[in-house]
Structure formats: structure tokens, C-alpha cells
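Just passing along the structure, written as C-alpha cells.
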Amino acid sequence: MLMFGLYSAGLCLVKGLNQTNMDNRFAFGLWIFLDLTVIALGAGAFFTGFLLYILKVKELGAVINSAVVIGLVCYSGAVAALLVDVGQPLRFWFTFWYPNVHSMLTEVTFCITCYLTVLLIEYVPIVLRNRRLRQVPSFLIFEFELHKLVYVLAGVGTFLSFFHQGSLGGLFGVLRGHPFAFREGLAVWPSTFFLFVLSAAAAGPSFILLTTWLVSKISNRQLVRPEVLPLLGRISGMLMIAYVLAKTVDTLIWINHTSPGAGVPAWQYYSWKPFGTWILFAEIVAFGLIPALVLLTPRLRLRSNWLVSAAALTCIGIALNRFVMTLQTLALPTLSFDPFLSYFPSWQETGTFLGVVGFGVLVYSFSFRYLNLFPQERDLEQPEAAPVREPALAGRY
Amino acid sequence: MKATRRDLFKFAAGGATGLLLTPAPWRLVTDAALWSENWPGIPKPVRGELRTRFTHCALCPAGCAVKARCVGDQPISLIGLPGKPLCAFGLMGHQLPYHAGRVRQADADAVRAVIAKRAANETVAVLDLRPGRTASWTYRRAMAALPRGVYLAARSSVPAVNLDAVKIILSLGVPVLDGWGTPSNVQQARSHFRLIQAEPAESRTALLADQWLKIRPGTELELVEALATGRGGAGTGLNEKVIASVANELVQAGALFLAAEESPSVLELNRKLGAVGKTIVAQREAPVPRSWKPAPVTPINSVPERSIGVLLIDESAADSYVPWSKLEGKLAPDALVVTFASSQAGYGRQAKHLLPTAVYPESTGDIPPAIDSPLATFRLTTPLVAPPRGVVNPAQFIGGLAAIDAADALRERAGAIHAAGRGSVCTYADGRSIPVEDIQPDQFWKALNDGACWIDEPGGKLLPPVLRASTPAVVALNWEKRAARGPMPPLVSKLYQESNLRVRI
Amino acid sequence: MSHRGTLFFLAGALIALGAGWAGFPRVIYRSRPQPVEFSHKVHAEKAGMKCEDCHEIRADGSFAGIPRREKCAGCHEAAMGTTLAEKQFIDGYVTPQREVQWSVYARQPENVYFSHASHVKLAHLECATCHGDHGTSDSLRPYQEDRISGYSRDIWRAMKMNDCVACHRSHGFEKSCLDCHK
Amino acid sequence: MSARSYGMSIDIDKCTGCGACMVACAVENNVPPAPEGVNERKGITWIRVFRLDNGAEGVDRKWAFLPMLCQQCGENTPCVSVCPQQAVQLDPATGIVGQMPERCLGCRYCMAACPYHARYFNWWDPSWPAGMEKTLNPAVAPRMRGVVEKCNFCHGRWHAAKARAAAQGRRDLDPADYVPACVEACPTSAIRFGDLNDLENAPERGSFRLLEKLGTGPKIYYQTQRDWVREIAAAPGGTERAHG
């Protein structure tokens, strides 16, 4: 999978982006959509860190390491995909050298790069807990020092990711040219900015919940105390409900005010098959409200299959939202005489992304194998970890 | 003492830190980005002094005046004269020499030898796809000189259309607004004639016409019959009312012109409706030297079956073509077919030999008066770029077969025109118009080469054309058909491929 | 122990510094001599010529750059002096009518549009302002080209974008990139 | 030098869809011909003529041609604010929205931002048939693969005009000095170009702009006497009428 990914990415880099099925209308394709999704799901890292270190929700200590690794995996993957996505990767540093401070993308790039480094630093102590490394005294000292830092890091991390999650939303909220995506701003940011933050925060815990559950199923070991997952669920649920409310309000404002203001009655967007109003319904109710309610109902929450499926729904809901923001926005015609277009990724695009996924799975499973991702695991005195089977994990996204 | 692994780490670390304090890494990063500005494959345009040169566009019989912007001697863009714009294809003309499908090499001498041998006792025929040029005269002289030479013209009779007198045009699939006549003339006349386009395809002319009769393919002549007789026409797919109203319009209109590919019934109807002599008039040609003894123009139909031993086709400048099926029958069993073309797209498929020719704007020659110019004109296409080695000049080649030196034919004709002393010459550089009798022959010749047009004086009444109603269906080339039959400038991809503007019909 | 460590560290640092500062510039630039030995000094002083006598601005505002052979041949059809350089030039280029393949020190990237006309005729800049003492130099130094970017080193000396911007800014001419880029 | 605000006024009724503007533009700005198998979705045409029809069938069916190019938006220009590295600029001196290929990262965010789809990405390395690179225009630099490009009102001609004026000692341009290629080439002079600040170029009454309500202040004005054309052209958001 990794090899295939590298090959397709190589094709795109050497032969150019003509290898993809993107075109002048679909300037963004599979990659951007999935990057957004992945980053949203990776948000678990910052938010758990936030809860644990800043709000002192101690129970989450059980999953923080795993969360950090997931965050690292998601972000590094996304960045890798982005480097293939741009036409001139050699010029990536221009953004730092000649930044355009008004551009959401600049904000995104800055925050993501910084946050990636933060994640790396947060990753170090986890690595250092590895038994063999612990034999080196100087590393031990280093780790100790680092531990004092971790609160700062968590703080910084939260701040950073808060911003870029938002800016990612802003990316499309500012598209004045696309009434379908354009939203009025609160302060300097369009409403999507805050919606994205909220949704990411909501999806993050759910995703951690999912992975933890999945890993424990695969390695059939109990990794965390039974109350941790429901807790994650509850957090996710609360945020989700908040998000759904906010989203509804925003949508109403948009339908009745923003969009008509730009000269387009909102119904027009949904007159294009297959994007009927059902997509709006699915986004807000089916994959928003319902899981949120499930997660907030204690009885259901305690049943693992309800819990897990609700979490899954949440993640899907977020993915759907990102899909709508990226691809549907571009698919909808703006001029009366241009057509509604559809787009299907080429195998090179898919391949590249699969490669990223493969990389993620690899990193995660190695960390799981050699590092102590779930501190409680040892307290629950389980037998020594069996090596994780790669493919079994592959279906995570 | 021995360096441990840790020391090596330290050493490397030191190296790294040190390197960061030097320009090297930063410079490499910058250079990588700069390299992306001119990595291999990005051509560098040639710089140099900008010059302006004039010529005439030879892509279609309109022969528009061309103002070429050149760097040094290389044209980099073409543009029309004020009030006389070029069409989309004329604007790309200077790229034609670089067409990928172009044929460049052939053994002309071997072919010449073969033809010469057979010409002694077989019928040699020349098919001219743009009659009325000086080259055409060379062909006719050569065929007259050969023992059994025949000169075939794609259009046996070249009538002119007096657009000023036209009040209504019924066009049977003729691209009146897209490659027919001189764009600027048609544009100006458009305001005072009504255009009815009878055509199956959704061509641009059809879209822009005042009325579009969407007839079934191949029912043009049935429509003509219906219009002439007032009966039938069901096969066209139009209802009687429409046909009747059109017929009525045609009769009412004082001066009309029925554009169509040559065919007896069309000419008949034109006569009947009184177009002939009023809007359809005789094409006038510029004077030619008295010493030139031309062979007659033979209508293709009157050529005996299986009689032609050697068929020479001049495709180098084609305005229309004769379907191969119409020619096949005339050829002797072992006939030798040689075509002069710049690509395989045309008759190249049927011909035994293809002799590569220069393309506009490499070629030297003249352009016959446009179909919408009742006055005789004489316009040269002076080459803007040098033709590649190995191309053949059809006129000189065919002239050579009959020991006629056609190298100076153009100049001789210019001399004859000057001797006639009629008309005036308009020079493009300064936009002046000088009566011919006021300038010397060599000045006249120089002016023509530097970009000027000789126009006959208006005087004299317009004569009705000599129309032979016995020629096969000749297919007029609109731009879509041209694109299919010959090389087009590479940038036509903008029109046909990268946008939905034009569709190949 | 730690001593040794620092030692190694410093050693590495020193070597890297040396390589980066001294070695790198030699490696990165490809250097080639000009085809003909030419002295601006001689032409300026002995022949008393001015820059624009050879490097003219055409009527359409474009800059002719380095004069072509005909221009040189105007004076050097036959040898005027006794120098070997001139003899070589005449035998090598004028007589066989070959163009000289000069390498232009100040050749800007393709995407730059620099108008000598506006800088000389409107802003009345001296040639020396940008070209330094090139006009009085006695010999042509070898042309140095960046191996990776393929640009002349002199751009990096005095004609970087920053240099242009600095001057434009100081005169309040900084409008947009498209002022100078194409 | 007084600040200008260059703009166009296009008479849809005069446009015959001949494509001269598209070709002249490609020739002037060194836009390469399409590589194998490129369609209208990946092709590069700084100006593109669209074919409109009134959706009726049979004899009532009517057509119009609408030349479409970068609308040079003058107010909160969508593509300028989104570019992460200042590769897009609204030149205050000319009102031209400029694209700097050598600065462009190729993120295509500006293309997503443009409501007129007037920005084009170099999906391929630029390539011309052997020998044809001799015909390139020295006033315009060919773009490299992986960057965005668009109409800049033939900025190379603006440079040339400035240089010509400078050679004559003039700082300011006369209207005749500077005309984009499409305007020069249009056989029916359907496209007019000029400084919108000058009175004679002020848009006529009844002329409209595309997607005005987005509030991007485009500087390309369109005219038509035909109501159905106005209705279609002015209406935002794809209607069922739109055909590929």
C-alpha cells in the first residue's frame, strides 16, 4: 500500500498534476477533502490534551498518548498529501517568506506546521518511555525536563489547532465567489470558522474512542478502564449537540439572508442531482443530532455497540460536512451558463492517499507495539502485547 | 583512543549546526525555487528588434491583407488592417509551418522522371483546387504544351457575387458567415441582406442566420426543386408552409443570391429568379501576358472514363475539393496519381506520390479575386519565413514538365498588369492608393512584394457569368472541413478542443 | 568524556563552516570566459565613446543590448590598433561574419520586464548606478552562472529584486509586481 | 502618472463567436496548444467564448455568444485575498488583477475562489510543436507547469506601450498606445477597452455585469438588446438551461 502510494505520488510529482482528475473547475479534489476530514479527526489530540492538562480531566490520561500519536499521524499525513497537491512543492517556503496575512490558507499553513512540531515534541516523551531508551540517563533527565513543559505544549497546541481548524473552515467561508459556501463573519472570521472548530472538537474524541475500541478488539486486550470510553462519548456528544445547534442557526441565517443577498435563492443549490436537500438533512440530523442524542443518553452510552456506532456516525457526519464544503461547493455552477460538473478521482489520486493512510497505520501500529500508548494497560495486567496485524487496521478511515 | 558512536553523533550534530550558519543551505533552497522558473522544457522567446511586414493571407480565397509583427525576420503575430480584420484562422497563420502532421521529404526528381516518361504517350491531367491564380495559368500553359494535357478546375466557372446588390441570400449549406468571401465585406453587407440558411448541421452560419431551415442531410437539391416548382419537398423535413413562404420571399426579393455548391438545378433556379447578371456576375481576372497560351478548362464530367494516365493534384492551396469518387472513374487502370500537398490528410491517401509543398506563409504566389469581389485584383503572398529544404513548388514542377520556366511567372504577369495601365495599387504601409500609370514597372513590382494590392478600376457593366451546368458536386471547404482535410495551426485546439465554441461537423 | 564530546562537536562545526563559506561558492557557480577580450576602458578613453554609442535604446523604447557584429565592424572592419585581442576579433568574427556569443552579466530572468528607456530617459539614471564601473573596466571578467538556477551571478551582486524594490520604494514608485514582472 | 482603472465593455449582440479573440489571446500571451486529449475542463483559454441559447426548441430557438475573461474585479477581489503568498495582486495604478507565475505555489485556492472560472492551471509542462517556440512573443514569459495563469489585459503590451512612451519622453499613456490583443483582433469590434475613469469609456446605460450581486465589482461590462440574453447572462447560479 505504501509502495503504491509512493509510486502514485511520484507520478504526480514528476509528470505533474495532469495525472489527477482535477481540472480548472475542480481545483480541489479528493486530497483536500480528505485532508480536511483527517485533520478534523486528528483534532482529538489537541482537545484531549486541552481537557487533560488544562481542565484536569484526569481520566483522559488513559488515552492521551494514543491521542497524540493519532494527531501526529493525521497531521503529518495531511501535510504530505498537501505537498503532492500543490503544483510547485519547491516553493512551499514562499508562504513563510512572503506571507499574505489576509489569506486563510496562510493561517492554516503556519498553524499546521507549528502544531506538527508541537505534536512531535509531545511525541518524544512517549518514545522516551520505551524501556530500552530509559537506560540512557541523559534521556531520562531530558524527559523529566520535558514533562514540565507538557502543560505549556498542551496550551500552545490547543491554541494553534483551534486556529487552524477554524481557518480550514474559513477557507470556504470566505469564498465570496461561491454563495453556497460564503458565510458572513463574526469579527474577522466567517461563521464556518467556529463551526469547524466545534465540529472538529466534537469529532476528535469520537475518533479516539473508535480507534481505542478498534485496537482493543484487534489485539483483544482491555486497554483502558471501562469508564473511559463512555466519558469520551459524553464529551463528544455534548460538543456535537452544541455544533448541531450552531450549524442549524448558521444554516438558517444563510438560507434566509446571506445566500439571497448574493442573488442566489438557496433552493437552487439543491436543484442539482444528486445533491438534494437530503444531504443537508443527513449532515445535520442523521449524522449530527441522532449520534449526539445517543451519546448523551447514559443508558445507550454504556452499551458498547451503541456507543461505538454513535461515535462512527459522528465521524461520518464530520466527513460529510467537509465533503459538502469542498467538493459540492466546486461542483455547483456559479454562472447561469456553466454546467454542473462531477468529478471522480483518478487512481493516482486515490493511490497517493492510500499511501498516506498506510503510512499512518504503520506509524500507529509501531507506536502501539513498541511504545506505551495506553498507560492503564499495564495496570490492568495484560500479557505482553502481540504484534499488531497491519491489514486488520487498514480499514480505519 | 577510538571514537565511539556517540562521538560521531556529536560530530554530525556539530556539522549540522555549523552548516546552518553558512549561506549554503539557504542558497540551495532559494536556487531550487528559482530552478522551478526555468527548468528544462520551458522555451525562452527570442528577443530582438520588432519589425512590421505585410503580405496576403493564402489560407482561403478571401486573401485578406496581413500585417505581421516580427522579431527580426520571424513573425510572432499576425493582424489585419484597420477595418479589414483577419478571421480566427488567419490570426494563427504564422504557426502553420510548425504543424506536426506536416510532410517534409520526398524524392521529387524520381517522380519527375516517372511522370516525364509517361507524359509522352498518356493523358496528363492537372486538377487545380484554386483556379484563377498565376499558377493556374502556368498549369494551363503546361497542359497546352504537353501532347495530351488536360486542365481540370475544381470549379469550372468562378462567378463573383456582387454583395452590394444582394438583398437576400438562401444558402444551401454554404458557410456564408464563416470562411466564405471576405470577412470584412460580408460583415459590412450583412446589415442589408437577409440570410436564410438551409443546412442539417448546427453550423455557425446556421446559428447566425436570420432563418435556419434545418433540413435532412442530402436534401438540398430536393429543397431547390420544391422552391422552383412549388411542389414536393416533403423529404427535406420542412413543412409546406415554410417552403412556400421562403419561395415567396425569394420571388419578392429584388436581388437575391442563391449560394450553393455548383449544380445544374441551383444555377437554373438562380437564372429563374433573376439573380444571374444582377448579383451573380462574371469573375474578372487580372490581365495576363499575351504570350501565354493556355489550355481550355475541361469540366471533369466531360473527361472520358478511365482516360487519365497521370493525374497531378495541386492541393497546396485548396478552397474546395472534388470527392475522390468523382475522380476515380476517370483514371486509367494503372494511373499514376501525384498530389502536391503539405500533409497526408487530403488526397495523400489515394495518391501514389505526395510531393511536399511550402505552406503559407512560406509560399510565394498570388490569390485570385475573392468570390465577393466583382473587380479583378492581383495580390501576392510574399513569404514571411523561408520554406524548409526539400519542398516542391507545384507551378515550377508542372511547368518544368512542359519546359516552361514558371519562376518569373508572377513578375511577368505583374508586368502585363502594369502594361494594361488600368486600376490602381494600394500600399498597406502608408495606406495610399496610386494609379498604376503613375509608377514604374519595377516600383509596381516592389510595391506588390512589400504588401500592396492591385485593384481594377470599377468601370464597365457587370457581365453575366458563363455558367456550365455540368460539373460534379464540388465540396466547398468551410473551416470545419478544412480542419478535417488539411493541416491547421496547432492553436486551433483552443477553438475545437479546449472550448465548446466550435464543433467538428 | 564530555570534553571529548564538545571537541568532536566543535570540529564538526568548524569543518562545516569552512565548507559552507569557502567551498560552496566555488561549487555552485559555473564560470566561463567571454568569447572576445574587450576593454570598455579603451573604447571610452581612447575612442572617447559614450555608453549609448553602442548600447542604444531603439525608437520603440526597447533596448538593443550588446551591439551586434555589424556595429563593431563599422569601426573594426580592418584593424585600428595593434592589439592581439582586436586581431583575434577581426579574424574570428568580422571577416567570417560570425556573431559573437556574449554572455550577458546583467541578463535578468525571463519573467522580468526591465525598460532601459524609462530608467534612462525618464528617471535619468546613470548607467553606473546599476552597472557599477563596468563601463570603465579594462577587461571582461569570466561570466559566472549558478549551476542550479542558471542565473548570472551578477544579478545576485547588484541587481536582485530587492535592490530594484529598495530604489523604487525610496522614490515612491512601488505599485505592484506587474510593474516589472511579465 | 494618474491612476487608471482599465475595463472592457462587450456587446454580446455583436459577437459572432468566430473565436478570433481566443486565438489572438493565445498567440499574444504564449499560451501553448493543448496536449493530447485535453478537453475544455483542463484547457487554457484566458478568454473563452461561451454559447448561450434560450432553451426553446425548433424555430424559436435562439443563440448568442458571450466572450468570458477575467472580470478584473475591483472590489474585494476574491482571488487576491485568498492567495497565501501574494502571487495575486490588484494593481492600484491600472486596476488590473495580476498573477505572478514565478511566485505562484500552485495551490489553486484562487481558482476555487473565482466565481467566473477565469483562472487556469498549468496541468502540463508548456510545450509547442518543434520549431514553433520561434514564434513566441518576447514580451510575455511562458509559464511553467504547476502554476495558475489568467488574463491580465495583455500586460506585456502595457509594458511595451510604457517603454515606447518613455522613449518619447512621455510618462503617461494615450488610449491608442495600449490595446489588448482580443480587442485588436475582434472583427466586429464587439469588445471595447479603455480607462473607465475617462468619460468616453464610461459604461453605457443598460449595460450589466456578471454576478454583480456578489459584490466583487467586476470591470467588464456587457450590453445586449435581447432580453433573454440579459436574463440568462445576468442570472447567477446555474439554471437548468445551462448545457455543457
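Each chain carries a letter (A, B, C and D) given by its place in the written order, and its residues are counted from 1.
The rule is short, and it goes like this: a residue touches a chain if its C-beta (ideal position, glycine included) is under 8 Å from a C-beta of that chain, and two chains touch if they have at least 3 such contacts.
Please read these numbers as outputs of a predicted model, since none were measured by experiment.
**Q** Could you see whether A-D or C-D has the larger number of C-beta contact pairs?
**A** Of A-D and C-D, it is A-D that has more C-beta pairs in contact.
**Q** In angstrom, rounded to a whole number, how far apart do the mean CA points of chain A and chain D lie?
**A** A distance of 38 Å separates the two centres.
**Q** As a quick test, compute the distance in whole Å between the mean CA positions of chain C and chain D.
**A** Chain C and chain D have C-alpha centres separated by 37 Å.
**Q** Would you kindly tell me how far, in whole Å, the mean C-alpha position of chain C lies from that of chain B?
**A** Distance between chain centres, rounded to whole Å: 49 Å.
**Q** Determine the centre-to-centre distance between chain A and chain C, using the mean Cα coordinates as centres, and give it in whole Å.
**A** 52
**Q** Which residue numbers or ranges of chain D touch two or more of the other chains?
**A** Correct list: 42-43, 50, 86, 102-103, 125, 140-142, 144-146, 244.
**Q** Do you know which chain A residues sit against two or more other chains?
**A** Answer for chain A, listing residues that touch two or more other chains: 88, 91, 94.
**Q** Touching at least two other chains at once: which residues of chain C meet that condition?
**A** 58, 60, 62, 109-111
**Q** Considering every pair of chains, which are in touch?
**A** The set of touching chain pairs is A-B, A-D, B-C, B-D, C-D.
**Q** Which bits of chain D are touching chain B when the two form their complex?
**A** Residues of chain D touching chain B: 16-20, 22-24, 26-28, 30-31, 33-34, 38-40, 42-45, 48-51, 63, 65, 102, 125-138, 140-146, 181, 184-188, 244.
**Q** Quick check: in the complex, which residue numbers of chain C touch chain B?
**A** Touching chain B from chain C are residues 4-6, 8-17, 19-21, 24-25, 28, 58, 60, 62, 64-65, 109-111, 146, 148-151.
**Q** For the complex, which residues does chain A have touching chain D?
**A** Chain A reaches chain D through residues 16-18, 22-25, 27-28, 85-88, 91-92, 94-95, 97-100, 102-106, 109, 171, 174-179, 261-265, 268-269, 271-272, 329-330, 332-341.
**Q** Per the contact definition, I'd like the list of chain B residues that touch chain C in the complex.
**A** Those residues of chain B that touch chain C are 3, 6-8, 10-19, 21-25, 27-28, 30-32, 34-35, 37-38, 42, 44-45, 47, 49-50.
**Q** Tell me, which parts of chain C touch chain D in their complex?
**A** Per the stated touch rule, the residues are 57-62, 109-111, 113, 115, 117-118, 121-122, 175-179, 181-182.
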